[in-house]
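Two complexes, one shared chain (subunit A), two partners (subunit B, subunit C).
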Partner chain A sequence: MSKLQPYSVALALIVTAIALSPLVLSGGNALNLVNLILIWSIFAIGYDLVFGVAGMLSFGHAAFFGVGAYVLTLLTTRLGWDFLPALGAAGLAGGVLALLFSFFAMRVAGLFFALLTLALAQLIYILAGSKLRDLTGGVDGLSGVPRPDLFGIDFFSDANYYYFLLAMFVLAIAIAGLLRVSPFGQALKAIKGNELRAEQIGFNVQRLRKSIFFVSGIYAGMSGALLASLIFYVSPQMLHWTTSGDVVIMVLLGGMGTLFGPVLGVALFEVLREWLSTVTSHWYGILGLIFIVCTIFMPNGLAGIVQQIWQRFSREDRR
Partner chain B sequence: MTAEATVGAALSCRDIEVSYGAFKAVAGVTYDFRPGRLYSLIGPNGAGKTTLMNALSGGVPLSRGQVTLGGKDITGLAPHARTRAGLGRSFQITQIFPGMTVFENLRLAAQAHRYRLQPFWNAVGGFREIAREAERVLAEVGLEQFASVNAGNLSHGDQRALDVGLTMLGDPGVVLLDEPLAGVGHGDAAKAVALIRRLAEGRTVLLIEHNMDVVMDISDEIIVMLAGKILAAGPPEEIRHDQRVRNAYLGEDE
Partner chain C sequence: MSTIVIGLSMGLLLFLLAAGLTLIFGMLRVINFAHGSLYMLGAYCAYQIVQTTGSFWLGLLVAPFLAAAIGALMERVALRPVYARDHVYQLLLTFGFILVIDEAVRLFWGLEYKQIAPPDLFSEPVAILGSQVPTYRLFIIGFGALIAAGLFFMLERSRYGMVIRAASGDPEMVQTLGISVSRIRTFVFAFGSGLAALGGVVAAPLLPIELGMGFSVIIDCFIVVVIGGLGNIRGAVLGALLIGMTRALGYTYAPSWVEFLTFVLLIATLVLRPEGLFSRKGRAA
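Entry: the complex of A and B
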């Protein structure tokens, strides 16, 4: 524990540096990139609660992410809701949908669970593009997604919106950090470590899993809503299974089961996406190759690398 | 096997059956486990000992029959709910949380036992009562010096002790122990037997064990299973001289 603490501090510092970089960096592109990183980080932190903490591989998170985006968009543009309550409703919608998914998918375990969540999410994706066209704008999506209107600050400026996103990001990290070290988070860790034993010492395994799936759905729904608001647009693409795939890759790249790892993964993923997509149109394939190489050579992700470096330095200190 | 016997029993099963397709692993077992006694379940491999234990703890669904704990019907309860109702269980293969320290392992059991809704609003270190409970059991199973050791790095015998600690933490009235001595070295065996004796005080214990010396030594009653049924049951002396048991099981050893 005491050996790990300084390493966590190192990770936290890196993450803080990424999050605060727009304060020193200038240029709209860099700012946009950091805004994207903040939003996807909220998504990835929430995803890792299910994946890294509770040990469930879900391919359904695109649904919670996308539905959150649609809920915010529809509530603000059609029903005239304010941004903040609509954002809360987007989170709630993501959470409730996740809970609904869990009732079906948790009847099975492991890979079958992953496949069921994938199937359910694709169902929502197809519905959004076809049957629900009147509501969702079909494959064209909906534009004109607003940003918050608070304290007379002009959040339509990316530089100002950055502060709003930063606040949400800090809140997301703080809550996830608390959940992880709370008895609730410890119980989930126990389930991941040894499900049979966890059940036999008296944990209601299914209920605990459903609870964290609900929380993770809230994270997904809110981050989806924030992304729609960042790009003023929502389309079924956000519901597509590749969105779930992206967040899995981000968390694995960064280091699953750590609080700050997913943020590093998101940062690497987004920087690579930004850079590669200007070089070649086959950027997604190259990203895939990089991901494969990374999982082979750094199975614990970037957080694992940071930990290794930290241990090397601290060992040299002692000599 | 009257109804009155069930009322006084700590744990009892009525005509329970567990079948896998056409195969009946447990084929109609009725038994009353009286409070405060130590029962050993013996029988050849495949006799259905572990399946019977799973049926009692809720690990496998029954195809027929009823299980009651202290007179209350628990047939429909999931394993975690049976644990909460006071039925502890350990497994043939050591079941601990290897990525966590010994103390954290026991604290998890304290959490599971104490909270119906797992608190999420504060760090686990802020809940003193579960730490106290974990420390108490830590001392009971003699692992104080390993409190901050990763449970996966303990010796096998100590992992076994931790396993027993996890089972005992909620102070269950009835305890099911599946081969607690399996894989425990000769040096640790006496310690493990002493631990079992200690935890059996004031509790009802059902033990699966292959070491006949231990079984004959510590049991109040021995239940012999064969092909999913109870072949014989009684005090050790009686079982030792039971001709059916000798033919079916003990004869092989002697």
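Entry: the complex of A and C
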């Protein structure tokens, strides 16, 4: 781990380019796209902690994402909280819900974990649309979600909000990077590699998994809150299973198990969405086809391709 | 009385779907996320066939074969190349097919609700023990029970069932004996997909045919499979009947809580007996 892997430097450069592009790009549309990429990247990085690092396939992350958005909205608009504490509460809510999910879903092993996270997230979706309608505004959702109010900067301008999101993004990627190389992250990789062996070595597998699920829930809750504040609006659509599906697709397209892969995947996904949705209203089906083809032929995603290219070049150097 | 009939018919309908899911899982260790989409496809096919020919029975006959062909294609083109990899990839692929199938349905049939009437034979309700019962629901009960019995017979008593059970237990040995395991896999996936579409056709006269129907049913199916005990047909029958009866009783006594009752059952199962209420180790049926 002490040696810096060259291809990860290459990936970091690409990601930095994406993140800093508004400094050179002009135009509201491009800026909006970059803001979206930053927010979804936080979500995807957090998701990959569970999927890529710990090897658990969750189809329930929409619940943490959406609940985070609702918590921020309700705390700021109804209880008059400031933005930052509300954002923290949104993350905490996402994390606690994730912990609750893991308590039930981890009672079954393997693939059935994916089914149960999906089913439990659907329960939250149904709840938000029916029993909690007074709180969530039902299918209409809630509007008037605020943005942060700090240092007298006008964050209601997308160009300024970009800096806030960039800071959050850098923080998210730094924490995820540290978690990966920490003993905690290494233990999770050991579990992913061989659960039985990890247990025999003496790791408390269930507790470690629940912990990373909790962290991942925090990421999801905060990114959901940030998205609501970017578009000033929250609706049950954020809790819908397609949101969980989107983040899975992003992480797989970009490359699971790498730090920067999910960011690349998000960028590719958002650019595809932007481009395809102007060409055809059936873009989601095309995305499905792309996803299927990529899953079969490039399971390591874009990051895997970058890695391969790098290896080829470095091999030629040696000759 | 009508509550029981509704419960049983919903249960057996769910069974048609859960059985396909269970068969595929038992043989291929793949959970088919797109199962609900195939069910929806079956319902839309039934609508189209009723629209053009006027015959529900033709739909019941044709739609499953169409879905089976699509299922065979899915297995052959997408799943077969990734069997050697982690099971997660197969799950992800079937998830991709949800997006593709749903989009195809939207492309062909649009967003509006469709509806078909039950076949003429079953349009009149009948009185049983003093309450009016729709005959179509009785037909579903009979038909579902017939399919269930047929499946049991095929898996437990017939030569084909024996080969399938053997191939899911020890594929290398079966391959060595000169039977093509990959052909069995394709067949089982196609068969399960056909069952999903069969469920879709049978459900079509009861429900509005719409894009969301596949997803709501797949959640119920997953709950049935988890409650029933992860991959045996008997568990699927009992789990499906339990969910069906719960829903029917819910509609009668606590309509606004119906959606949650099944989740209560699910969570109770997970807490009390996470291996499933009706699980039996190492059995296919």
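Worth pointing out:
Note that in this section the second predicted complex is superposed on the first by the 315 of 319 C-alpha atoms of A that agree within 3 Å, B and C clash if a C-alpha of one lies under 4 Å from a C-alpha of the other, contacts with A are read in each partner's own complex, and residues count from 1 in each chain.
Assume a contact is a pair of C-beta atoms (placed from the backbone, for glycine too) under 8 Å apart; a residue touches a chain by one contact, two chains touch by 3 or more.
These figures come from a predicted structure and were not determined experimentally.
Judged by the touch definition given at the top, the superposed model places A:F169 against neither subunit B nor subunit C.
In the superposition on chain A, A:F83 contacts neither subunit B nor subunit C. Of the two partner chains, subunit C is the only one touched by A:R107; subunit B is not.
Of the two partner chains placed by superposition, only subunit C is touched by A:L116; subunit B is not.
With both structures placed on the common chain, the touch criterion links A:L196 to subunit B but leaves subunit C unconnected.
By the touch criterion defined above, A:F64 lies against neither subunit B nor subunit C after alignment on the C-alpha atoms of chain A. Residue contacts after overlaying the shared chain place A:P183 against subunit B, while subunit C stays out of touching range. Between subunit B and subunit C, the partner in contact with more residues of subunit A is C. Note for the complex: subunit C touches subunit A at residues 31, 78, 81-82, 85, 87-89, 91-93, 95-100, 102-104, 106-107, 215, 219, 222-223, 225-226, 230, 256, 259-260, 263, 266-267, 270-271, 274-275. Of all the residues in subunit A, the ones that touch subunit C in their complex are 55, 57, 59, 104-105, 107-108, 110-112, 114-116, 118-120, 122-123, 126-127, 130-131, 241, 245, 248, 252, 282, 284-289, 291-292, 295-296, 299.
Chain contact summary for the complex, subunit A toward subunit B: residues 1, 178-179, 181-187, 189-190, 193-194, 196-205, 208. Only residues 57, 78-81, 83-84, 89, 91, 95-100, 104, 107-109, 111-113, 115, 118-125, 127, 130, 148, 166-167, 169-170 of subunit B touch subunit A when the two sit together in their complex.
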